[in-house]
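What follows is a pair of complexes built around chain A, which joins chain B in one and chain C in the other.
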Partner chain A sequence: MQAGLSTKNAPSPSVVLPHYAAGAIFFIIASVLLIFASHDLANTYIGPKILALTHIMVLGWVTIIIFGALYQLIPVVMEVKLFSEPLAHISFYSMIIGTVLLSYSFWNNYIGKTIYMEIGGGLIFLSVILFSVNVLFSALKTTNKTIENTFIVTAGGWLLLTVSLGILITMNLVFHFIPKTNLELLRIHVHFGIVGWFMMLIIGVASTLLPMFFISHKLNKQYLKFSYFLTNGGLIILAVLLYFDVNMWLKGAAGLIVLAGIIFFIKYNYDAYKKRLRKKLDIGMKLSVFAFIPLFLTLLFGILTVLNLDFLSKIQTSINTAYGVSLIFGFFTALILGQMYKTLPFIVWLKMYQDKVGKFKIPMPAHIYSEKVADWHYYSFLVAIFTLLIGIFAKESIIIQVSAAAFIITSVLYAYNTYKILFHKDQSEPLETK
Partner chain B sequence: MHINKDTKISEIIKENIKAIETIASVNRNFKKLENPFLRKLFASRVSIKDAAKIGGTSANDILKKLEKIGFKVEISENKNELTEQNNTKLMKKDKVLTLDVRPILETGTDPYHAIMDTLKTMNSDETLLIVNTFEPVPLLNKLKSLGYDYEVERSDNNMVHTYLTKSENVEELKKEVKSADVNMTFEQAEEKYKGKMHEIDVRDLEMPMPMVTILQEVEKIADDEVLYVHHKRLPQYLLPELETRDWHYVNKEVDEDNMKFIIYKK
Partner chain C sequence: MLDNLSITEKQILERLKTIPDPEVEVNIVDLGLIYEIHHNEEEKSIHVVMTLSARGCPVGDTIMQHVETVVKAFLPEYDVKVELTWEPQWTPEMITPDGKAQLNM
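And now, the complex of A and B:
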């Protein structure tokens, strides 16, 4: 275990911090666009504005922050140096430009072969490839093959598949070489992206971070292993069934296998929550714990989406929309809002004060952001997500606009704290002599 | 102030300075408390229970005396504290070195270093006999954690004989230390710094407190001391920082949630 430990594994903050800075901006943009997409969102789950909004949220907000957090986390949990920092920089900029171009193209209903979509999609593909290469090559060097790490590496593989399929779909619009409608392929694309990339990654990262911050010892890793085989196995079966469009009950069964896997993940983290030594939850953990409520809703709506039951046909569109919304605007967003407070202050603190610990009087990571502002956006976020779901089922764009207002408040307050942390100035003072 | 057998003597003295006189009156072993040096030496390290052991009396006797000067005491049920010896094993005493610490104490010096130095020079098959007027409880607690066995005998004339010897497996490791010094294993470091280890447990602290605690401690400990840390995992951010501050470490994984470190200055 000792070899190579003397090298400094942590990446340069210049790799990690811009991700948090950009993510906060994309979240504000998405919240503003939600106002304009409210009418579409009240009626359908697919359309130019919804596609644009989804990709800003999923790529600009969730993926960019996860990339940044992973560049910091991988060296810690895998006990290796990040494979390449320049690749991480290139990946970051190509993701930002790609997301802007692709979303712009979607928003203006430029489906098909346009220069924006081609360049945007290409840049996102490049970004993802560079990220996956970075993760896989870093992971190759590790001797620390825990199940959490396996989740993260597997997620990288699914992400490659998701983006490849996305490219394939846009190309198929022109060349029609796959004898399937794009809506069918889109379903597989969405499930690879949601279950394969995001869920897999979230399971790996959350199962690493949450027990660490709850401070829970002696957890049953077996649950995570079950979760790994069930989610991956279920997803492969589901993809095959979706492609051949076999009857809905079989698809439902495959969905249930994935669901069982996710339940094992929830069980693992629930145990960590129950066994926690730190009884009082700070704002970061309060948001992270709350995230599990939209996760339950996602599972419920997800199953109903796959089953497509006759007696629910009147609200089926709303269910499908709510499935994506509770996952992206609910679960992912809550988890990122919360985990930002557990990771970013620490990273900045480390850069600023690492060499001063014990020699100077220094603030702690929790002191470099405003707790009050975080509390406010916790409540505005609760209002935002529940109003959004109500608006979708009520099919009322005005309710969705109210939600958008709450999301704007949330994202601005969140960005305020993010930038307060990023621009934190050294506050060390000489130690008082006794 | 509420006190019981686990209350530290220093807390009691802080509350009421008259307690010194009172405890000293319990029996003549406690006269030492009137000496400010010895008081400093012991008061912060021992509780009433330990003090009773040192003085060869029961905790309840001390507590009853303290009750008279206004402390609210909690008398413990167990009447036979004196017979509560932790050691029932028979110790081999083939080669006994005797160290009478009474003259050292008379001069107002802490016999701790004399005892530790003697222990270091001893061969593994030897036993150290400490002659004193009380049982050196603070020292014994420390030595027990470092792998020493001890046995206490009380004689009629208020003399206390404390026998100290090492347990078997510790001895074997000591030989290894001599052959390999540069790349120490954890066990070798454990042996080398025996008695000079300052122990902290950071497993139940939230990030970044384990790192903060460890770095604060290394800034504080004495030159010849090392830090013994109970940690949950390999601290990725701490290790490079330790290196820039010229500290080295050895580690040993006990299980998934438990890793031991010895951090030392080269």
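And now, the complex of A and C:
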């Protein structure tokens, strides 16, 4: 069979599926913990509970699902086999245990002092190294060097840098070998993680998947190339300026370069949306399209965070918190909720039915989960994210608790559908003979 | 490309209309994915040339397997070859009027 086909390259489902199963559980845990962190979130953007919650969300929920989805996607978009399945298994368990230990340590305010922090951080570092090795060595084999693939590989490099800096920060707490405060280093760590890892990866993956699912053609790839150079260039400049603490206007200018890069990415996908063949969006695409609203909010709050304007000083803490929240609980979460429906049903469907197509009557991928449940969690998610932002600006923990309740409903319904797909039983029937 | 089909080739094309693209749930013939069908009675062979709507389509392999299964079921004594091509690249203009109606285009 010709090159360019993906299924033969696809990894064993046992590599991919546990990521979706674990991610759904971490999302429920984070939603429940949001109730207990509501008081902190109403008043500050940093603290033991917020650090724990952030790491459960970005590692346990977002990163684990992204890892799993990428193990499936890399062979598809790069047209190669995954470099190593055993490495992917070790990386998965290492990330799970590491995230639990690290978050436990943060929640109890044990920064840099406990065995949980050291082992947890070490395991996450190991997981990330194994993941990056897998991505980079898989990418080396590909002959399909597209700009989307370059984004994905570059993201792997930034992830390594992010985690390395995270480890340096915790070591610096004890040894003080970097003449900078940890808050200064933390800002660089956060921007490496947010822009370098997550944004870079999401630009690469979304620009591959969204036009494919919209069935859009004749898109201008120059937009993605501009996006690549602007986001990477802007991030490098921003990191240097943050390290030397140069005045806020220069930092703002670097932020604007990154912003311009992200706008080119949005433009590319907006064109895909406008040129789409499928006018009616299914639930997965509805959530994915909605994700761009919290992305706009993230960009707005991000610029205001960097500029730190005097006349906004009374609500500056809320702006900083809303920056992270609209990105992690808004943009990333909406995209994952949506793209789960565009990836997991296909993976399970292929595993169950690929040898039965044409020989038996089989359900379609869209029929192996409950669309009604997905619709419910679409609306509960809208309530959850907007209530959370209102609660942050109102500085009212009770409003954040209402949001947490909506997030719990969202995460449980999402988990219901995830597990319904994962435990799907063979529903093939004999073909009717005429 | 699908002009001047023989009776057998037309019958094959009709049977291929039972194969949906699992993502859009429109059959692959009306989506315009089938480029050529060649029936060779002497060699007892069927050759189908087709494309996919996107390079890296996750179910591409399965669709091609489906094509082979359906043709084999219709003509079991024939050797069936399904070939994937990216030339010419598929575009929405290749969708048939029936396919456009199903997609509400």
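Everything that follows uses one rule, which is that the second predicted complex is superposed on the first by the 427 of 434 C-alpha atoms of A that agree within 3 Å, B and C clash if a C-alpha of one lies under 4 Å from a C-alpha of the other, contacts with A are read in each partner's own complex, and residues count from 1 in each chain.
In this section, a residue touches a chain if its C-beta (ideal position, glycine included) is under 8 Å from a C-beta of that chain, and two chains touch if they have at least 3 such contacts.
Keep in mind that what you see is a predicted model, and the values were worked out from it rather than measured.
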Next item on the list: Specify the outcome, clash or fit, for chain B and chain C once both structures are aligned onto chain A.
Entry: clash
Note to self: I'd like to know which partner A:Ile215 touches here: chain B for first, chain C for second, both or neither.
What the structure shows: both
Next item on the list: Considering only touches as defined above, state whether A:Trp349 meets chain B (first), chain C (second), both or neither.
Entry: both
Note to self: For A:Pro365 in the superposed arrangement: first (chain B), second (chain C), both or neither?
What the structure shows: both
Note to self: Counting residues of chain A touched by each partner, does chain B or chain C come out ahead?
What the structure shows: C
Next item on the list: Kindly classify A:Gly252 by the partners it touches after superposition: chain B alone (first), chain C alone (second), both, or neither?
Entry: neither
Margin query: I'd like to know which partner A:Val357 touches here: chain B for first, chain C for second, both or neither.
Written below: both
Checklist line | Which of chain B and chain C A:Gly284 touches, first, second, both or neither | finding: neither
Check: Which chain A residues come up in both lists, the one for chain B and the one for chain C?
Finding: 1-2, 5-8, 10, 76, 79, 212-213, 215, 217-218, 277-278, 346, 349-350, 354-355, 357-359, 364-365
Note to self: Going by the contact rule set out above, which residues of chain A touch chain C in the complex?
What the structure shows: 1-2, 4-8, 10, 72, 76-77, 79, 144, 208, 211-213, 215, 217-218, 277-280, 343, 346, 349-350, 354-355, 357-359, 364-366
Check: Once bound in the complex, which stretches of chain A touch chain B?
Finding: 1-2, 5-10, 75-76, 79, 212-213, 215, 217-218, 277-278, 346, 349-350, 354-355, 357-359, 364-365
Check: Inside the complex, what are the residues of chain C that reach chain A?
Finding: 19-20, 22-25, 53-62, 64-66, 69-70, 73, 83-86, 91-92, 95, 103-105
Notebook entry, point to check: Which chain B residues qualify as touching chain A in the complex?
Noted result: 203-208, 211-212, 215-220, 232, 234, 236-237, 239-241, 243-244, 250-251, 253, 257
